[in-house]
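Presented below is the structure to which this report refers.
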């Protein structure tokens, strides 16, 4: 049960009204949200501090130009309260970043919503953006995930925000266009809403509905994993998948978890003297140039897979169209499982590589 | 061309326990295959999984990590981290159908010369069964 | 550019002819190894493979339909730390060769033991198209080559207006523009000559006809070029337009990492140096009523131009890698044509030509002086 | 005094610890050890309680450091014969027994062992195995230089003068059969006695049948039997039968009444032994037959409780004199009085005796030589009626470790470091 | 500059020579020759011999080597030996690498060809690695010899006394308004009955009069920063927190001591339900203040029960000294009047010291009954218990004395956070290594003594204090600098993202966080060089000075050739 603000206008307007109130009363100093930046629907993330500019926000737009956790990192720790309207996986991404001291929850009030999935950038940024988006919202009134969203979204079980201060029901909400409900999950949120004149009721998520969605998502996940299942033995499969990688490392650059200034795999450790390469050639028929294509992928998995929140950003920017995020999601789940770790679930939880337990993996090492 | 297959096993061992154990195997004139090539680091926790990866992709048929028994680490807790990192890599290998049994982590104390030899032999045999690493052939890595 | 070359006629395809040529060289020990594109196991792309085993050469495709990794990058990874003992040859598209030359000037490539071979390039198909229907594209591209059609629509846009599809400072050049089942092997350098000599091939054929054919194609392409530049110009005219053009940009910097010329280990625009603190950002936001993310889109794009446009070879990799289809390459090409002109410099056209930013002439850029003068006089008026 | 020098008797952990601290502070240390190798008894254990960590891993680095330390003169096979003088200026005469192998030339290749015709029992290995007349106590012992047993070497004892097998086998001319004992005189400012203790001779207690019965072991024997670098390479098989024991009784407090004190560590290592066995032979039944359980450290109580009933059955018995170990077919039976006073009988195939720690036999000799007091047990006594002291009854002479009384490693180390404080005070 | 790498293969007599083809090895290493590398392959019969060392020392100079590879026995045997030789012939010892071709090749591989092959691999690995090694230099740092002692109990006093002298000042702080801690109440001391109460009094006098010891009563620690040899400490007055003292010292000794745990917290005791149930400490106080032990009524007890091990099972540790002092107390009663019947109830007698058993026998002789029990329940002044023989009994006593467990002094937890030393599962301070370093802590230069580390008697507490002073005296010598480990980690500012992962995994507190720059930094004085932090860093922001990834890769790749 949590306090819920009910407003009888459609969810976006409702939220907007609430935000305008907070901003104009200096309850908050700004709003970070997706916003429309031109008539043909292109969105970017904006940090808005003027009430009038709020009109432009598209809080629920099914697109992820950047994983917002990156942006939150750059504007935190904030000196004044800021409301950030982000997707569940972006929120989890940020939590993971905060654990790595790449940002702070200080003065950030997170608004998130039950997410129907994100459209690939190309799909969203197409000319008939309007049509596509309205279809999207039509579909997610029900419990089906639209077919044209990112593959990992179809397989995402964490469509309900984990740690949001305010949750809005979007996916599976048939009254989305008539009513708006803002669930105040935390003291911080409730405090904010104090000054806002509105009807407040006690309400909780419709579990039956959510379970139904979850069931479908689980099925989606099985389907996805079947598609990328390992059929061949050993390396070959992996090479089949990543063979076309052009080594642009775009995946790591857009990844909310990859936070390094200089990626280890771009460091001088991996520049080889030509004689080393020639020597390796003497043992092989051929040698790929530039080298370490597979090494990079495996290495990145090793560095952050257990924190992968499956946002799908990497897959979206991959020029070679490799199902990066599907693979990472799958592998990530297996590594996180080792430590019963759910990335982004709790800021207090320590990332597995930062701590140890004396009594674990007794089987290892013999 | 392929005569009898002698695996290449890179092994990173900690200076305090396993390396000493390896020496003890020598002093006791215990025999183990040439395949094992021990590289000495101060603590098994220095062994970045990336080294293991690298060795694997550069054609090592097996990779052996040796450290002090949990609780014995000369640096208090180092090998507990080694253990975690190793597990992460292992599970990655497993979920990708890469042969994780090419990787082995063993706790070998300074007095366990016998164990070092045993591990070296067992592991080499195992690798022989698995066969040469596919990374040797594949030119698209 | 040499005026004579050796002429070979062939029956079953130019690619085979080129492969045979290389194999011959390897047999004769002229090359110990070659770097060639090989189709990856999944068949959906190509990878650069360094090979010393002649049998592998047959798996390679010297004229691949796509350019997943710019060849210069491959050579860079091979020779950045100096030359080796092996004599290595590579066949690459002209823009890849030019990028290589540029990198050589920046000491990112060592050409000591490398023999650069190129050909009249019909262009490359964008990755996104090739990816899914690679097999059809293979067939299609084969026809393109055999019909030696240099103006196919299906190619990357940059290829459409690439006037340098043929002239390139390679050691050896396969010229076949306008020829049927024949190809000129043209030695442009001493290296090239010695190869032919070792093969006992006479480079006596006069090339004027072929050069004419090339020139004709060039005409068409330079026309396209002008048109394209005309299109581009307004889209980048002034900050507003620039912003509009790049509004989609998500700041993934794929363009930078796909670019053969961008050789920095740590891009300045990704470094901590260009970071702003949270509070500064919020202050800015408050001043302006709002700011958009990612920040510094224009900063990055223009900055990159200032760093790299002098060496841009218009290979179009950036555009291929852009996840939001911004015509980066066209813009870059447009801008660099201007910057390069100011120094009468053509990226990658000659190894001897130093990169303008590494040198200066005391009697150059006279325009500047005027600009400065005006500026000063402006200043004085205000007083 | 010009250069500050210290004599340290005994190279066990306490001795080595003190040596290193003092040497690092620039003092010259004469580390005198009667055996041919340093390290003391700690290295005899596979794992030490309570953390069950590998003793060799724990001690070996210290041994190496000691041997390589420029300020420490490690004097093995040495015995202090005479000490005169007083604090600040003791004159010490040390007898160095002939090793017959040059420590500078020998590189420890062991080539000299095989050719030696003589086999003798290896007392360092608790006589569980034989060694040659030229030997190192066990593989890995330091310094890694063999010695020759004078009474058994055929050349030296004259039984076969012409035998020079080892000399011929050595490629480094490291062996010199004419090597002689020598006397070394040093002058030191202070002396630390850390010669440790010995264990009660259980063969004198007929009730346990030790000696008549091969399946009865002393704790120390068991430590070596279990050690992976020991006689059986850690294989747990009984002598004679060479079978693995199916049931084991571990008897605590052996010799406690006779000695009139509790040794303080037996309960711990006895339970440790139970754990060892369980670990190696999970099917084995194990009983710890005890009187008082003495777990005098914050972590010891849990150590015992965690194994109670899980790995071993702890049985209280009410009277030591009623406890008897008797032959029973191929096995043994342990008869004891239960807490209720009832006669009980346990059938096992192995018995381990936790024998009391007793004063070293040279304690008396040394105490007289230096003129310091022993307590009524025969351990070295620290200042009379002085709480918390490590100084003997004579100024400038300090006692550390089990030479002062039974104790665990950590208390020994603490004492050793405490003696260092005393020594440094003298040099201030 | 051209690298000139000497590769010296030691034949170790026949040990290596007879097991592999040395010349083949020397031949093969030449393959490393190139325009910027020259290999000097040399064999020698026995490099560790006197002549061998001399030869090597001179040859390094003669050949003007820039790097050195020695293929011989295990580094454990002679690494130090050869490093010293490098020093002698002014080659930086970190430009040298030792390859173990005896223990790990010659002695384990019977086949000569194979052995040779493997040796070559090893040596090649070493050669390509050594080229990537860099010079390292010891950097000495100044150290303050003075010491801060926290806690004015007997452990603290003993620490101060054994350390203080003209050259080494000691600052002793005590929370309360007087010195001596619990021990001031003891009428007599263990282990020996001879030592009288004024033993403590004398010590207190001694410490108060020592001009090299500065005592601050009612003072506590506010902040401490630094490491062995260099701590900056802020002290403050307990009552007036703004009243601060700042001092610089070289080491800190924690001697915060113990308190008896409150018996009411244990299930089998109803403490204070009857006025006649006392804790051992209350009896000590009563005895040393009144000189007599009397009931609240003022009359002398006729029957007294002493109950050991109260709450031992709950606390899960044995307090080590209770058995002893309970007998001491039993004797108090007997001294007072032979008539008093004294029964001691115990589960196990813990008599770890050589004199304890005698005390037990004497106490028995003194007419004290000892009853071994399985279980006990104290109801008011009635005791229900189950004997070892299984029988349940019930008896009333005039007076009952219980021995509750020793527990850490209140405020220990708080202090542990200020001084950043972890506590163990029982709430005592956690020593760095129980067996080999019981007085050290995770932070080099901070020591724990006495009951702050765990239950123990006065004697052992004082020994601990002396042990620590032994360490400090030998590590912080007035006027001398200290030399920290050379093979440490270092952090590359430009690449560090300040995620603090390295900080978390380092168990020596050797990594600290630079709040201003938002990056982690290595305190080389504390770094032990294990390299854990490096493996923990996903970026290339940390490198090990002597085990760089580059070096290891070079070795790996070379070996896999």
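Should a chain be cited, it is by its letter among A, B, C, D and E, assigned in written order, with residues numbered from 1 in that chain.
What we mean here is this: contacts are C-beta pairs under 8 Å (C-beta built on N, C-alpha and C of every residue); 3 or more make two chains touch, one makes a residue touch a chain.
This structure is a prediction, so every number in the text was calculated from the model and none was measured.
*Asks:* Smallest number of touch links from chain C to reach chain D?
*Replies:* Tracing touching chains, the least step count from chain C to chain D comes to 2.
*Asks:* Kindly list the shared contact partners of chain A and chain B, in label order.
*Replies:* Correct list: C, E.
*Asks:* Between B-D and B-C, which chain pair is linked by the larger number of C-beta contacts?
*Replies:* B-D
*Asks:* Centre of all protein Cα atoms: which chain's centre is nearest to it?
*Replies:* B
*Asks:* Report the chain whose mean Cα position is at the greatest distance from that of chain E.
*Replies:* Following the centroid criterion, the farthest chain would be C.
*Asks:* Among the chains here, which has the CA centroid at the largest distance from chain B's centroid?
*Replies:* Chain C.
*Asks:* Could you put a whole-Å number on the gap between the CA centroids of chain B and chain E?
*Replies:* 32
*Asks:* Quick one: chain D and chain E, Cα centre-to-centre, how many Å?
*Replies:* Going by mean C-alpha positions, chain D sits 24 Å from chain E.
*Asks:* Using mean CA coordinates as chain centres, what's the chain A-chain D distance in Å?
*Replies:* 63
*Asks:* Roughly how many whole angstrom separate the Cα centroids of chain A and chain C?
*Replies:* 36
*Asks:* What parts of chain E, by residue number, touch at least two of the other chains?
*Replies:* 76, 494, 505, 536, 549, 553, 557
*Asks:* List, in ascending order, every residue of chain C touching at least 2 other chains.
*Replies:* Within chain C, residues 38, 40-41, 47, 49, 51, 56, 266, 271-272 contact more than one other chain.
*Asks:* Would you mind listing the residues of chain D that make contact with two or more other chains?
*Replies:* 51, 53, 58, 108, 144
*Asks:* Mind listing the chain B positions that touch chain D in their complex?
*Replies:* Going through chain B, the ones touching chain D are 16-17, 20, 23-24, 27-29, 68-69, 71-72, 74, 109-115.
*Asks:* Which residues, counting only chain E, touch chain A once they are in their complex?
*Replies:* Its residues touching chain A are 34, 494-501, 504-505, 518, 536-541, 549-550, 553, 557, 561.
*Asks:* With touch defined as at the start, can you tell me which chain A residues reach chain B in the complex?
*Replies:* That would be residues 230, 232-239, 243, 264, 280, 283-288, 291-295, 298-299, 301-302, 305-306, 327, 330-331, 334-335, 337-339, 352-353, 356-358, 360-361, 364-366 of chain A.
*Asks:* Quick one: in the complex, what on chain C touches chain B?
*Replies:* These residues of chain C touch chain B: 38, 40-41, 47, 49, 51, 56.
*Asks:* Given the complex with chain D, which residues does chain E contribute to the contact?
*Replies:* Residues 12-15, 46, 48-50, 73, 76-77, 80-81, 158, 162, 165, 167, 189, 191-192, 194-195, 199, 312, 316-318, 320, 348-358, 361, 372, 388-390, 424, 426, 428, 434-439, 454-455, 458-471, 473-475, 477 of chain E touch chain D in their complex.
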